[in-house]
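Got a structure for you, written out below as structure tokens; questions coming shortly.
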Amino acid sequence: MGEGIVREAEEVSRETAKEGDLAKQVEELKRQFEKMKPGAEDKISIIVFSGDLDKVLAAFVIATGAVAMGMEAVMFFTFWGTPVLRDPKKRVNGKDLMGKMFGFMLPKGRNAIKLSNMNMAGMGTAMMKSLMKKKNVASLDEMFEMAAELGVKIYICEMSMSLMGFKKEEFIDYPNLEYVGVATFLEQAKNSRVQLFI
Amino acid sequence: MGEGIVREAEEVSRETAKEGDLAKQVEELKRQFEKMKPGAEDKISIIVFSGDLDKVLAAFVIATGAVAMGMEAVMFFTFWGTPVLRDPKKRVNGKDLMGKMFGFMLPKGRNAIKLSNMNMAGMGTAMMKSLMKKKNVASLDEMFEMAAELGVKIYICEMSMSLMGFKKEEFIDYPNLEYVGVATFLEQAKNSRVQLFI
Amino acid sequence: MGEGIVREAEEVSRETAKEGDLAKQVEELKRQFEKMKPGAEDKISIIVFSGDLDKVLAAFVIATGAVAMGMEAVMFFTFWGTPVLRDPKKRVNGKDLMGKMFGFMLPKGRNAIKLSNMNMAGMGTAMMKSLMKKKNVASLDEMFEMAAELGVKIYICEMSMSLMGFKKEEFIDYPNLEYVGVATFLEQAKNSRVQLFI
């Protein structure tokens, strides 16, 4: 009897040892998992560097498509993408000479941008827009509306704003538009499943 | 004796509690793991938005290189990338005026595309092609052949086809060529380890 | 009493079965985890395909920003990005005719590259550079210095070097500059959290 109990006690202690080992392994797995988990958020992060009509359209088709599939979508407008977010109806004062020059030379918002290719002095761009209408492809105006409704997040790069002399007051009204630096983008990007530089 | 057994019973029930706890933790880990697993497929998804010779070449070098390393590769041709897949020997009828115009203006397949830079009225492009031959870099024709053999998957964007008035009959013969929307691309992209917009 | 012990023995053996099961599950999780782990390294891989000043700047802002956030960063210079790494002070001999022509036509290093847009015969590029100084945005020279200090890894694409007839002797001095093929890039990219084609 006593022997039986000793054997059992040994069994239990062996169990406990194995158990403790297993618990440690599970702990380690959880720790490693925690570390990598952020990388797997069901999110897409898009850098909109280009200000070409075709590329901006592509960015919106992808971003809205992603949200329609249940993903989150974040668009980070930088460099030539920045002026796409200008509101042509808004005027700002107090810019320095360089800011005025850039303001004059860069497109005033999404309806002033051109195709990257076959623009042909505006003819190609006009043709593409008329085609989009005919083929029931959403225009850039409709894309912005859709993106806002779907909750696509839009960030504006502060460095580009500063370089081009833009002020917050001249950008479009968009829900939760934010002015951020590269760190914010990277934080989003590294926690996203898909990242694109457009 | 009775006391010993009571102690053991307590031990066992504590064990069971810890055990149940561990089982639950493992269950939770498995659940979270299942959720993220798709993101880690050994696959590369490339959007070929550009129709420039240099960029299309880069896309193929990367895609075929990936397959050579044991990865899967998916190429999604959209916008200016779409006409790269035209077969110049195939003729189609019944296009509307816009379709005919686009068909005329856009390059007729991969041998009609140019460098994005230093094209110099075709001279740069010709120079690059002759150099590629001399340096034993695969031509675009060879790249397509290799890609087909290696099982690189090629998708054509339906929206671009519709916009540019292309018909399925005018595209190249390629194994399992598919005509898809943005959702199909995103499904692939989010399950890939690498995604590029070229 | 004997009954009690039998019941306990049964309990223990059930425990052991469950335990073994759990151990197997943990083993399987660890195995799967090992397989995917590489995909989650806190690293960013950037293909610098473009040789435009604005895009190269963006690549460096992102790469150095990533390292500042504690990530690793790898830049893979290919095609038009390759001449950006030339050192204008270094001269090489023994190039063939094509190599000499490319050497002459392609920009001699980072201070010879132009904006992709609004270059306006160099005026836009000069304006941007003076603006960057004024707004305290790091110049490309400073970016390279910062990248070197931060440990940003720079790779040069061997195929592009060979195509353009460049020799190792004409590239800049940079810590651990390496000459690699597409496989090396893909190895890095698939083990990175973020990948961009710029």
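Every chain is named by a letter (A, B and C) in the order it is written, and numbering of its residues begins at 1.
Keep in mind that, in the parts below, a residue touches a chain if its C-beta (ideal position, glycine included) is under 8 Å from a C-beta of that chain, and two chains touch if they have at least 3 such contacts.
This is a predicted model, so every value here is computed, not measured.
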Inquiry  = Once you draw an edge for every pair of touching chains, what topology comes out, line, ring, star, complete or other?
reply    = complete
Message = Quick check for you: after a Cα superposition of chain A on chain B, what is the rotation angle, between 0 and 180°, in steps of 5?
response = 120
Inquiry  = Suppose each chain is reduced to the average of its Cα coordinates; what separation in Å results between chain A and chain C?
reply    = 20
Query = When you check chain B against every other chain, which residues touch at least two of them?
reply = 1, 5, 8, 12, 15, 19, 22, 26, 29, 33, 39, 195-197
Query = If you look only at chain B, which of its residues touch chain A in the complex?
reply = 1, 4-5, 8, 11-12, 15, 18-19, 22, 25-26, 29, 32-33, 35-36, 39, 47, 49, 51, 78-80, 98, 101, 105-106, 159, 162-163, 181-183, 185-187, 189-190, 195-197
Ask   = Within the complex, which stretch of chain C touches chain A?
value = 1, 5, 8-9, 12, 15-16, 19, 22-23, 26, 29-30, 33, 37, 39-40, 42, 44, 54-55, 58, 61-62, 65-66, 68-69, 71, 116-118, 127-128, 131-132, 134-135, 137, 193-198
